[in-house]
Structure formats: structure tokens, C-alpha cells
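Paired with subunit B in one complex and with subunit C in the other, subunit A is shared by the two complexes that follow.
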Partner chain A sequence: MSYEHEDYPEDPFPKDFGYGAYDQDGLDLEANASNNSETKPRILLMGLRRSGKSSIQKVVFHKMSPNETVFLESTSKIVKDDINNSSFVQFQIWDFPGQIDFIKPPFDSDMIFRGCGALVFVIDAKDDYIEALRKFKDTVIEAYKVNPHIKFEVFIHKVDGISDDSKMESQRDIHQRSSDDLSEAGLDQIHLSFHLTSIYDHSIFEAFSKVVQKLIPQLPTLENLLNIFIPNSGIEKAFLFDVVSKIYIATDSSPVDMQIYELCCDMIDMVIDLSSIYSSEETAFDSGSSSLIKLNNNTILYMREVNKFLALVCILREENFNRQGVIDYNFICFRDAISEVFELRLKRQKQLQNPDQDDDELADDRGLTMGGRLNHDNDAAAVSRAP
Partner chain B sequence: MNAVIALCHFCEVDGPCAIFCTQTLRDTKIEDLLNVEQPQQQQQQGQKACSACNYTLGRNNAIYSKDTESGATFVSTKVAVLPEVANLVKQAAVRSLCCEINPNRDGDGGFVFFGDSSRGHILSHTFRVSDLQSRGYYQLFSIIVLMKDKYFLLNTKPFLAEHLKKVSTELQAAAQRTKAAEELTYSERQRRLSGAQFLMPTPRSLIELTGEEHLFAQLHSHFAWILLAGSRFLTEHVTFGNLPWLPPQSSGRPPAQRLTYNSSTLPMIQMYEESIDNPEQDEFFSLRHIKMVVGKEDFPIVCYCALTGVKIIVRGAPDRTFQFMVCLKKLLPERMHNLMRIDAQHQHSISSEYKIISVSNEIAVPIASTCVLRIDFLDKHINGNDIVSVKWPGELPRKYPDLMVKLLKAVHAVEEKTFTELVLNKQTKVLIEEWKNKVICLNHAKSGSVQAKLKKVLGVQPQDQPIINYWSTHLH
Partner chain C sequence: MKKKVLLMGKSGSGKTSMRSIIFANYVARDTTRLGATIDVEHSHVRFLGNLVLNLWDCGGQESFMQQYCTQQPDNIFRNVEVLIYVFDVESQELERDVHYYQSCLEALLHNSPDAKIFCLVHKMDLLAEEQRDIVFKVREGDLIGLSKPGNVTCFRTSIWDETLYKAWSSIVTMLIPNVAALENSLTHFANVIEADEVLLFEKATFLVISHCQSKKNRDSHRFEKVSNIIKQFKLSCSKLGAKFQSMEVRNNAFAAFIDTFTSNTYIMVVMSDPNLPSEATLVNIRNARKYFEELENPNNVATNHHNHKYH
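== the complex of A and B ==
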């Protein structure tokens, strides 16, 4: 693949840019609809009744205020929610009623777990979790039988108002018990991830980000791109955000500090809110969107639009911002690289019909793309720094 | 009716289940069931302990009533008495509450039909009952009717829907009253907003929600009545022999002959049919009766509307409107008699394609418009005569259709005592037949020019066109 800049059109984003076959103008949806629903990963929300499944879904994806969730009715049927047209990250969320045992007949567990990307099991930390763990064990065993590729995520939920010590204690305990249960069943190979969550702070967004990230096959590439972008621009931490849901689909490899993540979330909220006041709702976030916030501890929050759905939010020291030109130039390189990654994905989706193309080969292909970009970025940075 | 009617609810603790189940027993003896029933009942009780799922029938575990005429027994229990039926009901309950929900009504008041031959065919009616203590301030209930016979279920759907709706509205109203009373004492919303850690209340049973102590006995009587009335609603005749039974082509009511209506459920239809079968009665009702009822001024309007297909809605007590309807019938050729509906029981008959409908007072009807003529039989009587109000905002044409002119003349002649009502009836029939034949004849003409020539020959004038248009669509 060659990397002459001249080859790229002015607007680097193809019309049918995106994870699925989403069309930005919404004109071409029917043609791709069938393909779309098959390839769209599915996230299942399971757990005992009143553990907070519907609340999570409403707060993260429907902007419901956490206080309002006490008025939610109990879910009586599987609520299927397409996180689709409004967001760059495309998947389906199935919210299950906790009262019903879906892994037993007459329900078809095959139908439920096949094509499912992640299973989020919500456990109420304030409740006695023995029963929840029993159900979790049964669910995992059944799901693994049907689809061994499912990612299992445990949300230890409603941890607001619980002291840090007891939080850690319950996480340890739940981890221990569930691992024991699984090894008893002879399923040591299953990997479980645990998250402490609450809808009253940003932990639920953070946890959901991690769930969603695992469903993005391009994640290593995106992370790599961020890893290259950061040191060359003198940035400390950068997040690639899905603007609508405020979950981040990638970040660099340095550890995530919750406070910084919260700052970045709030910044997006602020930009959208402010922008909505002075423009119409639809155009609240567009290619011109960017924002710069100086904090009183000599750090700067810098947000740039990557595409219609994504925003890059960085945090950096004030002195490093002297070279804003370099940062902006690197950002453009970064944006172009992302567009390439998703172009490749589109190509791959077209190839899904003829599965001879090997998965690894494509991955290699991406790796190469990355390498090329890497050198390019380095050069650019070096050049700009020289004077 | 070999059906099971069950009340199901979505329990906050135990999930969806059937809580009250009424079924018809014909050959099975109750005594035989008692032995089978016990262990099952106990097993169920062990599984579900919450008060919402375990209603209390006092010390009894079943209510039953017997129809002395047919010998059928209607038994209501928590779980259907026959294990195989209980299993079907259990599955149907889950589907009716968790899957087959009418998305337009959002689980409130809709009717959904689903099922297959192995799991039974089910008509499900899902509705919400307010409960201040439950999440979302309501509980989800459904009434399901489970049958093996798909077509019977679909055919009786209007009847079932009407009565299930009545039952659900009654429950909702009672719960609403309870809710209003509770709201006076404390505000649940305030309590939740205050963020106080509230103890999770155990779900309340329907008895608590509605405040009706004998609620399940009432439900039993409702369900048993529906089962009984449903079985009498229509029965099928089996025709033995080699020749298939063919309905007579000319008769306007072959379906009626195949159905046996029950006198207690549909008395008016029977009365109507008797009168048709009894020609001697006929002569007492002629068009003159219409004129007497509606008055001299409104008579042409009624005639015109009946002849040209303006929808006529006659509203009043069935016994008062009945004769009137029989007379109106004379204004239609026999083949169009199926456009009439006497004593329509359901509101949806009004919007359907019936042209002349009589309904009782309690059914809501649309207001009069240019395409709807309303005749209301008022409650007052003057010297034993009916007082009616005729409402039609449309205008009569300056020149009446030829057929109508002749009919009006004939009625006038009777009033002048030129001839009797019997002659009037014959004359009416002759005139209607004459025009029917004209319309049929015109229907055969393909092109416009041929039709124009035919019209000339048949003496059809432009003012007759509304009748031609109306009749020709129904006289193929």
C-alpha cells in the first residue's frame, strides 16, 4: 500500500464509512440491512431481577438521568435495542427480564447465544450475591456450550455508597467464587472480566467502554495509532470517544485514570450542550467541532472531531501546547489513518461473502498499514520539530 | 366451548405465570380429578411462595359451576386440572406476557393471536393494572384464551375480545380506585426521589390491588359465562352423505342457515329469521310503516339514502327498531340483503361495509355526515307511536330517481286507500326487481358507448345514476 498524501481525497471519509454498513445519508440502508444485522455484534445484559440491567442500558445509551431510573418498570420481555444509526459503535443490546430463566427450554439458548459478542452479567453488590452467582454459573456454562467466543463480563453493580474496602472485598469474593464454580465445572479456560460499576458516576461508562472495545476487531490498530500519536505530540493521555454514548472505543496503552476519564466525558457533554444551544440539534457535532480547556493545574484538555461519531480527547501539559501546529498536523495524520483502517474494514465486510481470505492475512495487512503510518508520523514530527 | 381461559401475570419475583385458570369439563368427573390434583398443587406451592402468585380461594382450591342443560362443568383452579393442559397454559402465559405483545399498544389493552397446532392457538389480551408499590407503578396482566380450534377461536374473536375487554377494564378501574385512595395517604414518588432505601415490598396480589375480596369468584363467573356463551355462539352442522351441501345461490343468508344462534345470546337474530320464514307477517310491514315512523318530510330522505347506498345507522332498543329494519330491507334487492345488519352487537360492524345497520342504545355511533344517515329512536312515545330523529346533512337532488318517484307514488296511493298494503308490498318488490334487472343488464355492457345505448333503451335517466352506481357494485 502506498502512502502518497496526494492520493487522498479532500474529505478522507468514504460515504459508507463506519463499522456496519451505515450510510451517512441514510439512503442506502435497505440494501445493506440484512448484512448489517448479521454482522452486528450483540451484547446481552443478564442478571437477577432488580440488579440494574435496564438502568444501565437507559443511562448509557438513552441519556436517562440516573435519578430517574428508580421509576423504571420491571422489564417483562427481551428488549432489543439497536445502537445503530445514532452512534459510530454499532451493536445490539438485549436486555433480559431477570425473572425468567432463558437458558432452559422452552427458550432456545442456541438462538440467544449464537452471534452474541459479549455477555454482561450484572450482580447487585448491595444484595446477597450467592443466588446471582449460581445463575451466572449456569448461564456461562450454557453460553459457552453454544458459543465459545463469547466474552464474559461481570458488572458488580450499585457500588456507589459502598466503601472502597468492601468494594474490593466483594470483587475478590465474587471473583474467587465464580472461578471456583467454573473450575468445578471443568471450564478453567473461560476468562471472566470484573468491573465495579455504578450509574451515579462514570464507572458504568468506563466498564461499558471496555466491553465494547473487545468487540472491535481493529482495537489493537487503534491503540497502536494512539500510542504513536501521543509521544510525538507531547500528549499525556488520549481517548477516542464515541460521542453519543460517551464510551471510549480506544485509548493509548498508559493506564486509565478515572478522574481524567471523567474530565474528558464532561468535556464532551459540555461541548455538545453548548453547541446545541447555538446550533440545531443535528449539527451539534460536526467537522468543525473542537474545544480547548485550560485547567488551573497547568494542563490542557483538547478535543477534536475525528468523524461524525468519534472525537479525540487529549490531556496534555500546557508547555507542550506551544507546538499546537505539530499536534494539529499529527492529528490530521491520525485521522487519515483511522479512515484507512475503516476503509479496510469495509473491504473486509465485502469479502465476507468469499471467506477464503484469511483472518490473519488481513490482520497482517493492517499491521503493515500501521507500520507505514508510523514512519510517516515520525518523519512529520521530526520535520516540524527541526526549526 | 372447549377452551381454557387463564389469567396470567408477570410477577416481580417469580416471572410470568398463570394464576387463575378456568376450563370446561364435559366427560371428566371432578371426583376423578381430586386425586390427581393434590400432589401437583403442593408442588406448585413449594415453588412459588409470593402472595401475588398464590391467590387464596379461602379454604377451597377450586371453584366450579355446572350447566345443568349441557352437563358441562366449569372449573377454576390455580393450575389447569389436567397436566397436559397445565403445561400448555404455562407456556402460553410466558409467551403472552413476554413475547407476543402488541407493540402499538405497549402491552396495554391489545389483542394478539398466536400459537400453532401443537401448542394450541391463543388469543391473548395484555393489560396493565396500577399498583403504587410496584416498579413502574403497574403490574402486567394478561387473559389468554387457549383453544385447539384455530378457526373457531378466530371466528369468535369479536365476541371474546368484547368481553375480555370488559373484564380487564373492570379490574383496571378497581385498581385505579385503590391507587387513588392510597395516593391520598402518602406519595410514593416523593419517597423514591428522596433516595430512602426502601424495603422491597412483596408483590401484592390482585385482590389487594383491586380491593375486591371475592375477586376470583367474580372472575370465575365471568370466565365460565364466556365459555358457556361462546359455545352457544355458533355451532357447526356436519352434513352426512356424498353430495356436498351447497348454499342456495339466490338466498341472501346462507351463512345464517349454517349457524344456529342461541336464543339467549342473540334473540334478535332469531326473531328476525322467524319473521322472514313467516310470510304472513310480511304484509303488515310495508314502506308505509317507514313513512309513519319518520314522518312525511323525512321519508324521501330515508328512501333516497337506502336506495343510493348512504350508510344508515338506526339506533334504539332492538324491539323497536326491528320492524323498521324489516321494512328498510324491502328497498334492497334480495342479493344485497347481506348489506344489512340487524342489531349489530359490536362497534366494529358500524365501520365495516354494512350499509344499513341497527344498533342498540349503548353502542357508540359516528355522527351524521353526508355519507351517514342517523335515525335515532327516542325514548318518548306519543300515543304509542315512536318518536324518531332523522339526521342527515346531505341534500336531496332536485330530481328524484325514477324508482324512488314510483315508490313514493305507491306509498301515497296506499294512504289514499287506492290500494292495500299487500299490493304496496308486491308493487315495491316488482319495482325493485325491475331496477335490479336493469342494473344487471347494464353490468353486462362492456364499453361506455354500449352502456349509453342500453341506458337509452332501458329508460335510465341521469338522476338514476346514483342507484345504478351503488347497485352495480353489489350485483355481479
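== the complex of A and C ==
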């Protein structure tokens, strides 16, 4: 929906939104905190030129409609775009043209790969991918040297309009070649994951969801919470969404139906778009955000705000919604539990960074982050900036 | 009540694409599959109760265009309520476009002197954003001059954004016979339930056919944006073979309720007091339904439905 780009500034997430800490100093800071103690997963997006990185970035994080990406100019120099401000996930997109070798100086591969959770390598399925695979091999070897915990994810991209058979064929071929390359280099132990993606459907969101879920250490706890919440509330399926990117960071253990997931994505789009019109772009998603949709097939979609980044979308039968009180009560318990899970992590991180800070102060800070919604921005910024 | 609507313009200007999006639930991307229209394609669109739009989508290739004006002007141009003429903003042969436009206009003014004329300057998305205003202003001026003695209203449109909804919404509203009564009742309703804004949508197209507001909103394009947003969501639901019956969206600043209203409309009510229980607004909407149903179908008032209270 292109009107966002007509009436509003193109980039709805100003870079100086309050989380200024993740520039290079921020990276150093993370590199020092050796046990990867950041609260947000960090992802690098890499690939050859014209493989579709900028389009992915625009579609997933800036809500550009896919057909408009054809107007994007090709990125001619190295571009680093941080999308930290509004998303639960911390992304860095590195776009490197083929002729520049980012591994060699002046680029510090140490700085790039350390503290990074996953490396997403984008390969254009409609192009000859030999060159891409060569680059991929070099990247993997270098990244693994610096950071052996990094997860390698390959997006076989632009698969819209390709038949299912040839999709499978190129996935098999790319898998085979890249594994051979790595075992030649003596790195058999590296695990690669492959995803077939396109910006014209929801496969790109689905793939990102899977990538992000691997990076969330709390995932089993979140899934557990959802598994408890759902049957007790008469809900059939629930997704915990990162609102900005529409990535689901957790869901219950029942199988995911892609169509239902797409509908939930579209619901979030609709809610945010409508809220931007009737409140304002900046406050579209706030602590009171919720939505309820009744479909004619006896189904209800119910969305509630969980925290500044996250929303829960539930799918349930209409008759089970008669007990909305129970659902709402359970939801509040669920939300409290989630904030406890993340608080715990924040607290531990603070303790690691300020070993001599006394407990009283810590408790005060915690109270603020939990209670003071108005100051939420500042608090979170303070947390990530803590020396 | 049938109203004849002519959709004309040069071949490839986008007539069938916009018709498919507005009336046949196409997504903008799907319109690439449409082929050229041969001769005239008739379609009947039931729109609000007893109003039926009789849409004549006239193929725009030159041989057809000549045929319309010379061989069968009676058939095409008689009893026309509305002429919608589509111009491709990027067209290379502007003079020829204008020539055909003027022949059509002449035939129309001769056969249906009371017809309303709309010109859509289409495919605006192909222009750079900063040029759109300037180009449209120039075209609009030209078209108004060229159309004398007829009166013409111009819109800039693109199938990729909400401008398409704005144009069609304005055109269609003009065809609804009791639109003034509808708007009055809607305003009254909004005042009684203390709503910031009430929008009435046609059920199939989600075009805004009536609206009233009591609180200022900074976004003057919001009606067509809302049309677009809800229509997109409706299409998402239809992928699962479902339709939505009602929805509620709220945050700390507002609460919006979209609900099936009469047999041909959806209503959207926007409240700025989020503390008001949803159920109160929903009951009010439910109670107003019967009254608006009567307003829409005055002929069907067989029973004694005159106790329409809102509260």
C-alpha cells in the first residue's frame, strides 16, 4: 500500500529513535561481553548484488509493497542499515558489491561477525548461482573462523513464478554444491539451512520467522507458555508476532498453517494501517492496541498487545469467545509471564555489565521498565547503553 | 433502477483493470493477466438495493472507437448517465487521444445531454512523485477546456494506491438517488452515539458512499485509504474462503468498529473514547440497522417499522 510513501516520510523509523547505542561502539561493547548477552537477536543479510537484499529489507521492515521494489535503484556501495528501533529483532543488512571483498581490510570481519546470531545469504534462484556460491563459501569460512556459533541460513530467493519441481531442483542443487564446497574446505560440521523465498508472498516472512526463532534462547519457555495458555482459554492457535516485521517469534506446538499465518499477518497490517490513520503513525501500536475480527466461518481472530514490540494473535471458535473474561484474564497472566522472562534476561545482562551495582538500584530500574510505559523508550535505551 | 455507465478510453489505458479491481475483487497485480477488451463488454453490478450499474466497458482499439462514433452512436451513447473516460498519463500520442475523446463527447452531448462526464488521468504511478501534481494540474486544465460546452470532473488515478477508490467513490455517490437523506441520517446517528466519524461502505466494492465527521482528522485521504485497507483484508479472508462479519480495532486513542449494516452496506464507526465499552457501540449500530434498511429500500416498508430509536 503505497500511500505511506506519499504522505509520510519515506523511512518511518528514524535512525536516532533512541537506541543510538548500536553503532560501531555498540558492536565493540557486544564483542567484549563475551557470552553473547544481548537481548535482541542480531541478523546479517548478505548476498551478491541484485540478489534482492534491498527489496527484502524494504518489504519486510519498511512495508513497501512488493511491486514497488522494481523501482529500487541498485545499491552500488556498501550499505549498512540498522533496524533496531522498533523491532524485537535487531537487523543489520550488509550489501556488498561483487568486486569489493569485504573480508579483507579495511573491513573488519571480526567486528562484523562477532555478536551476530545468524547470517542470511541471499541467492537469486533465477540467476546463475555459481558466483554466489563461491562468495557464500568464502563468507562462511571467514565467519565461522570468527564466530563458530553463527547460524548459516540460505535464502533461495525470487522463486515466485518458478514451478515447484524446479524450486526443489535448485534447492537440492544449491544444497549439494555448498555442502561439497564446505567439506572440501574441511568444515563438515557447519550446518546450513535452506529456505525458498519470494517477496510476492509470505514465504519471506515465514523464512525469517524460522531464522529468528533459532536465535531466541527463551523460545522453549515462550512455546511452553503458549502451550499452557491456549488450551486453558479455548484457543486453537496463537502466534507471538514481532509487529514491525510480522515475523512470528513463537507459536504453540500445533502445526502452522501457512494460510492462517498469512491472514494473521494481514490482520496486523490492517490494524496498524487503520490505527495510523486514526491516531498517528508513531502511536499506532500502543499499550491499548487490540483487535477483534469475526469471520463468517465461525472463527474469531483476536489480537492483543504484549509489549512495545510484540503482539499475540489468537485464532479461536466463536463459541469459545463467550468466555472472553477468562481469555483476557489468562492473557494478562501470559503477558506478565513473558515480561518476567525478558526481565530476567535484562537483569542478568545488567548484572554482568555492572557487577558492582547494588540490588536496590536494580530493583528500582526494573520497576520503571515494567511500570512506566511513558518512559519505556528511555528505559530501554538506558539498558542498552549501560556501560 | 438501471443506470448506464460508459467506460471509454484508448486501448491499454487501463479501463478493464480498474473495473476488475473495483467490481471483481482483483488485486492490482492480477490485472497483468487481463487481455484486450473486444468490442463492448457489458456487466451489471448491483449496487445498493435497487440501484444497478449497467457498465459498458468499451474496447479502445481504433477500429472500435471509429465504429462507436460513426456506425452505432445511438446504441452506445443513448440514455447514458455517466461517461468515464480514461487517459493514460504516459501516452505518446496525446493528440490522437484527445481527438477520440472529443468525438465521443460530441456523440454523447448529442444523445444524452444530461450525462455526467468524468475524466480519469490514469497510471499516475508511472510518474515520479514530485511530478504528479504538476502534470495532473496541466492535464486537468486542458481537459476542462477541451470538453466545452460539457462539464467535466477530473481525477488522477492509479491502480496501485487508494486514488482509484477516491475517483470511483465520488462517481458512484453521484448515482445514488437518496444520498442526501442517507447523509442526514448518518450525521444524526453519529451525533446521537457521539462518534467521531461514521463511514458507510457499499458491501461488494467497499467504496465509501456516505460519511460524516464531527472531529477533525489530519488525513484528508483517509476514506479511500480505509476503503483500500479493508478491501485488502477482505481479499485476504477470501483466500481462506471466509468473509469477515465484523471487526474492532482500538488503541489508547480511538476505537473503530466495522460491522455489516444493511443488506448492501458495511458501516464503520470511530469513537475517541476508548473507555466506552465496545458492546454499547455495537448495540447502537444494531439498533440503527433497521432504520437505514428502510431508507435504502423505501418500497419494502410493508410492516410497521417506525419505532427506530438509537438508544
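In this section, the second predicted complex is superposed on the first by the 293 of 387 C-alpha atoms of A that agree within 3 Å, B and C clash if a C-alpha of one lies under 4 Å from a C-alpha of the other, contacts with A are read in each partner's own complex, and residues count from 1 in each chain.
One rule holds in what follows: a residue touches a chain if its C-beta (ideal position, glycine included) is under 8 Å from a C-beta of that chain, and two chains touch if they have at least 3 such contacts.
Bear in mind that the values here come from a model prediction, so they are computed numbers and not experimental data.
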{"item": "Which of subunit B and subunit C A:166 touches, first, second, both or neither", "value": "neither"}
{"item": "Which of subunit B and subunit C A:299 touches, first, second, both or neither", "value": "second"}
{"item": "Which of subunit B and subunit C A:322 touches, first, second, both or neither", "value": "neither"}
{"item": "First, second, both or neither for A:67, with subunit B first and subunit C second", "value": "both"}
{"item": "Touching partner for A:183 - first (subunit B), second (subunit C), both, neither", "value": "neither"}
{"item": "Contacts of A:351 with subunit B and subunit C, given as first, second, both or neither", "value": "neither"}
{"item": "First, second, both or neither for A:50, with subunit B first and subunit C second", "value": "first"}
{"item": "Superposed model, subunit A: greater residue contact from subunit B or subunit C", "value": "C"}
{"item": "Residues of subunit A contacting subunit B in one complex and subunit C in the other", "value": "67"}
{"item": "Residue ranges of subunit B touching subunit A (in the complex, touch as defined)", "value": "10-16, 91, 94, 97-99, 101, 107, 134-138, 140, 189, 192-193, 200"}
{"item": "List of subunit A residues in touch with subunit B within their complex", "value": "49-50, 67, 70-74, 76-78, 97, 99-101, 106"}
{"item": "Residues of subunit A that touch subunit C when the two form their complex", "value": "1-3, 5-7, 65, 67-68, 200, 259-260, 262-263, 266-267, 269-271, 273-275, 277-280, 283-297, 299"}
{"item": "Complex interface listing, subunit C residues touching subunit A", "value": "28-29, 125, 129, 160-162, 196, 217, 219, 221-222, 225-226, 228-230, 232-233, 236-237, 239-254, 256, 270, 274, 278"}
